[in-house]
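Okay, so subunit A shows up in both of these, paired with subunit B first and subunit C after.
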Partner chain A sequence: MDISTLLQSILNGFSSAGIYILVALGLTLVLSIMNIVQLAHGEIYMIGAYGVYYITTSLGLNFFLALVISTLLMGGLGIVLERLCFRPLRGQFDRAAIASIGLILILQNVVLSIAGGDPRSYMSPFTGVLKILGVAISWDRLSIVLFGFGLVAALFLFIRMTKTGQAMLAISQDRDGAALQGINIDRISMAAMFLGCALAAIAGALVGAIFSVSPTMGGFALMKGIAVIILGGLGSIPGAVVGGLIIGLIDGIMPILTTTHIAGLIGFGAIIIILLFRPQGISGHE
Partner chain B sequence: MLKLKDVTVRYETAEAVRGVSIEVPEGSVISVIGANGAGKSTILKAISGLVPLYSGEIEFSGQKINRMAVNQIVDLGVVQVPEGRRLFPYMSVMANIKLGAYLRRDKRGMMADMEEVFRLFPRLKERSNQKAGSLSGGEQQMLAIGRGLMARPKLLMMDEPSLGLAPVVIDLLADTIRTINQSGITVLLVEQNASLVTRVSQKCYVIEVGRVVLEGNVQELMADDSVRRAFLG
Partner chain C sequence: MNKRILIWILSYGILTVFPFLIPLFITGPYVTHILILTVMNIILASSLRLINLSGQLSLAHGGMMTIGAYTSTLLVVKLGLSSWVALLLAGLLAAVIAGLVGFPFVRLKGIYFAIVTIFLTAMVTLMAQQWRSLTSGSYGIYNIPRPDPIVIPGILNITFTSSVNCYYLVLVIMLVSLIMLYAIEHSRIGLTFRGIQQSDSLAESVGVNTAGLKVLAFSIGCFFAGITGGFYSQYIMAIAPDTFGFLFTVYILIYMTVGGSGKFIGPILGAFILTILPEVMRPLKQFQPFFFAGVLMLVIFLMPEGIVGLPGRLKTIAGRLFKEQQERA
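Then we have the complex of A and B:
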C-alpha cells in the first residue's frame, strides 16, 4: 500500500464522515426538539438528490442553484410534515416511528412512480484533481469535506449565537422549563424540521453528484445516521460530529487494510466496543 | 390581579384540582400550602397554560387567559419559577439568565435587569460562565428566580422554592421574596414550608386533595396547631 492510496482513503473517510454528520445532525435536531425519531429522514435525503437531478437536467440550471432550490424545498417539506404529521405525535416515540415508516413507503413509491427505479446521475460540478505533496486528491470528495464541515461550523454558530438556536438547546434540556420562558415549542419544532430536512437534502445532493440517485438510496443514509447518533450520544450535536468522524473514517480506511466484508464487521465491532464502555454514547449525558 | 374561578383540572387518571377559587390582589404575596400530591403544582401549571382546564376560568388583569398559549401568558407578565427549578443544566448561568428574557426586545432594559439580578444574587455573577447544573441547590434556586425576573414579571409564581435548601438559605430566600415584592411584583407562592409562608405572605390558601379547605390570614392559620398538623404533616 502506498502513501497516496492511504491519503486517498483517509479523504474518502472524511467525505463519508461529512455526509454521515449532515444526516445525523438532522436526526439529532428533530430527536432533541420533538422527542421523536423521524425514520423517513433518508427519504428526504433521497428526494433532495432527485430535486437536484431534475432541476439540473430538466430545467438546465447549474448545480449550485439547483442545490439551493432543492434544499429550500426539502426544508419546506419538513415544515409541512411537522405541521401535518409529527406535531400531534411529539414525544410519542412509538407512534412517530410507525407514522414515519408509513411516510417512507409513501415517499419512496411516489418517487418510484415519477422517476422509475433505474439509478439516475448528474454531473458533479467539482471535477479534476488537486495535487498536494505529489498526491492527487479528487475535488468531488474534497468538496464534500469542505461542504460538510462548513455546514457543521455554521450550525454550531447558529446554535450559539442566535435566539432560535439557544431556544433549541433549551428545549432539548428541559421542555417545560423552556416553555415557561415563553419559547414557542411549535415554532421551534418547525425550525428544527426545516433545518434537519435541509441538511439531509444537501447530503443527498452531494452524494448524488458522486454516485447516483435511486429511490432506495435513503436506507443506507438512515442506517448510518442512526449508528452515528447512537455512537455519539442521543441528542448531542458534538456527539453526532464525533460519531460521524469515527464511523466515516472506519468506513474509509478499513477497506484498504482488508476486504470490504471484514471492514464492515470491524466497523460495527468497534462501535459495539465503544458502547460497551460508554453506553450513553461518546458525549451523551447519563 | 389574578383570579381563579372554580377551576378543575383532570389528568387522564385522576382529578388533581377540584373547583378551586383563588384571588391574588395586585401587590400582595399570596401562598398556597398543602401536602405532597395536594394539587399545588397543577394549579400553577394551569395558570401558566401547561395543562388545560377541565372547567372554570382564569383571569389576569381582567383578561381571560385560560385558553392562551404558554408563551402568550408569559408575555402578559405571568411568570413561573417551577418546582425543581427546571434550569437548562448544560447551558451556562449567563445563557439561562438570557433565556429568561426570551420574549423581550428592549436590549437596554434587559441589561439593566441583568445588573439588578446580579446585584440581588452576587453568586450568580461570579459563576456566570459555569454550567447551571454544576451549581449548588441554593444557587440553582437563585438562578431559577433570576431567570424568572428577567422576563419582567407582573406576577411571579414560585413552586416550592425552599425544596432541598438548608435553613440559612431559606432565610435568604425569604428576604429575596420580600425584596421582589417590594419592587412592585405580585407573588404567588406555593409551599410546604410553613415557616417561609408565615414570614413572607399575608394570605394563604390550604389545599387538600385538590380542594381549598381553608383560607385566611397566614398568622391566624399558622397559629392554629391543628392546621399545621393536619395539612403540613
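Then we have the complex of A and C:
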C-alpha cells in the first residue's frame, strides 16, 4: 500500500463523513427538540435525491437550482410531517418510532410506484480532478467534504447567533423550562423538522450525483446516521461531527486493509464497544 | 363456579383445536405457507413481548433467528445430528449468545439498547455473509432436510415431507411456547419483570437484581427466536444470511405494538391480523404496502393500547354517549 492510496482512502473517508454528518445532524436535531427518533429520515434523503433527478432531467434546470428547490420542498415536507404525524405523538417514544416506520413504508412505495425500482443517475456538476502532491482528488468527492463541513459551520452559527437557534438549544436542555420562558415549542419543532429534512435532502442530492438514486438508498443512510448520533451522544451537534468523522474514516480506511463487509463489521463492533464504556456516547449527557 | 370453569375449558379448548382443523377445510400450498408464517409470527411477537415486559425494546430477533437457522442447519448438514436435537440446540445457542451479549447491553437504557440490538442483527447478517467456509456466504445453504420423521414402530409414523405436517409441527411449537411464556409471565419472575418495567431504580432499591433479570428476559425471548429460525430453515429447506434482516425484525415489533403489548393476547392478535390481512389484500397489487402502512398508522394514532385496547375504548365512548343522552333527558 503506497502513500497515495492511503491519502485517497482518507479523502474517501472524509467525504463519507460529510454525508453521515449531514444525515446525523438532522436526526439529532429532531431527536433533541421533539424527543422522537425519526426513522423515515432516510426516506427524506432518498426523495431529496429523486427531487434533484426529476428537476434536472425533466425541467432541465441546472444542478444548483435543483438542489435549492429540492431542499426547500423537503423542508416543507418535514413541516407537514411534523404537523400531521409527529406533533400528536410528541413525547411518546415507541409510538412515534413505529409511526415513522409506517412513513418509511408509505414514502418508499410512493417513490417506487412513481419512479420504478431501477436506479437512476444524474450528472454531477463537479467534474475533473484536483492534483495535490501527486494525489488525484476528484472534485465531486471534495465537494461533499466542503458542503458537509460548510453546512455544519452554518448550523453551528445559526444555533449560536440566532434567537431560533438559542430557543432550540434551550428546548433540548430543558423542555418545560423553555416553555415557561415563553418559547413556542410547536414553532421550534417545525423549524427543527424543516432544518433536519433540508439537511437530509442535501446529503441525498450530493450522494445521488456520485452514485445513483434508488428507492431503497435511504436504509443505508439511516443506519449510518443512527450509528453516528449514538456514537457521538444523542442530541449533541459536536458529538455528531466527531462520530461522523470516526465512522466515515473507518469506512474509508478499513476497506483497503480488509474487505468492505469486514469494515462494516468493525464499524458496528467499534460502536458497541465504545457504548459499553461510555453508555451516553462520546459527548452526550444522560 | 363449576359452570365458569367448564366454559373456560371449553372456549380455550375450541381455540386450541380450531387451528388444527383449518387444513381440513382450506388446502393448497399457498394457504399452508401463509398459515405457517402466521403461527411463526405469533411465536416471535409473543416472545418479543416477554423482553418488552422487562422494559427493553429489542430488535435482535432477526439476528437470533439467523443464528438459530444456521446452527440447526449446520448441525444437521455437517454433523448429521437429529433435526430435533439441532432445533433445541439452535434455541439454546441463541439464548446463550443473548445471555453473553446481554450483560454489557442491559447497562444501556431505552433507545440505546434498541440500537445496539439492531447492530447485533446487522453484525450477525454480515458474519453469515463473511464466514464463507462455514456458511457458504451470500449463496446460502440449500437442500436442508425437513425435520426427521417421528416413528413409534407399529403405532405412529409422522413424516414432514408435506407442508401441512410442518404446519401442525409449528402449531405444536407455538402452543408449547405460548404456555411457557404465559407461565413465565404469571410466575414470580414475571411479576418482577413488570416491576422492572415500571421503575427499574425502585425495583433495584428493594433488592431486585435488575441487570440479571433483564438479561434473563432477553435470553428467554431470544431462545424462542432461535427455535423459530431453526424451524423456518428446516421448513423452507434453505437459508441465506439476509433472510431475517432489519425489516423482518421491525415487522415483529409492529405486530407486537399494533396488537398491543399490554396484554398477553395482544401480540397474538397483532401477528394474526397483520399477517393475514396483507394476503387478503393481494388484489390491491402495488397498493398493498399502503394498506399495511395505513392500518399501522390508524392503530398508532387512534388506539394507544393497540387492538386489545379497542373494546375498552369503545366501552368508554359508548358510556360517554349514554351519559350525554341521560343528561339531555
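Here is the rule we go by: the second predicted complex is superposed on the first by the 285 of 286 C-alpha atoms of A that agree within 3 Å, B and C clash if a C-alpha of one lies under 4 Å from a C-alpha of the other, contacts with A are read in each partner's own complex, and residues count from 1 in each chain.
By definition in this document, contacts are C-beta pairs under 8 Å (C-beta built on N, C-alpha and C of every residue); 3 or more make two chains touch, one makes a residue touch a chain.
The model shown is predicted, which means the values in this text are computed figures rather than measured ones.
Per the definitions stated earlier, placing subunit B and subunit C onto a shared subunit A by superposition produces no clash, and the two fit side by side. Of the two partner chains, neither subunit B nor subunit C is touched by A:241. When the two structures are aligned on the shared chain, A:174 is found in touch with subunit B, with no touch to subunit C. Legend: residue contacts after superposition of the two complexes on their common chain; A:89 is shown touching subunit C, with no touch to subunit B.
With chain A as the common frame, subunit A serves as the apex of an angle whose CA-centre rays point to subunit B and subunit C; its value is 90 degrees, to a multiple of 10. Of the two partners, subunit B and subunit C, it is C that touches more residues of subunit A. In the superposition on chain A, contact of A:81 is made with neither subunit B nor subunit C.
Residue contacts after overlaying the shared chain place A:275 against subunit C, while subunit B stays out of touching range. Between subunit B and subunit C, the shortest distance over C-alpha atoms in the superposed arrangement works out to 14 Å.
Overlaid on A, the two complexes show subunit B and subunit C touching no common residue of subunit A. Residues of subunit B that touch subunit A in their complex: 48, 50, 69-71, 74-75, 79-80, 82, 85-91, 95, 98-100, 102-103, 147, 151. Put simply, subunit A touches subunit B in their complex at residues 163, 166-167, 169-170, 173-174, 176-184, 285. On the side of subunit C, the complex with subunit A involves touching residues 57, 104, 107-112, 115-116, 118-120, 122-123, 126-127, 129-130, 246, 250, 253-254, 257, 286, 289-290, 292-293, 296-297, 300-301, 304. Subunit A meets subunit C in the complex at residues 37, 85, 88-89, 92-95, 98-99, 101-103, 105-106, 108-109, 112-113, 219, 223, 226-227, 230, 234, 259, 261-262, 264-265, 268-269, 271-272, 275-276, 279.
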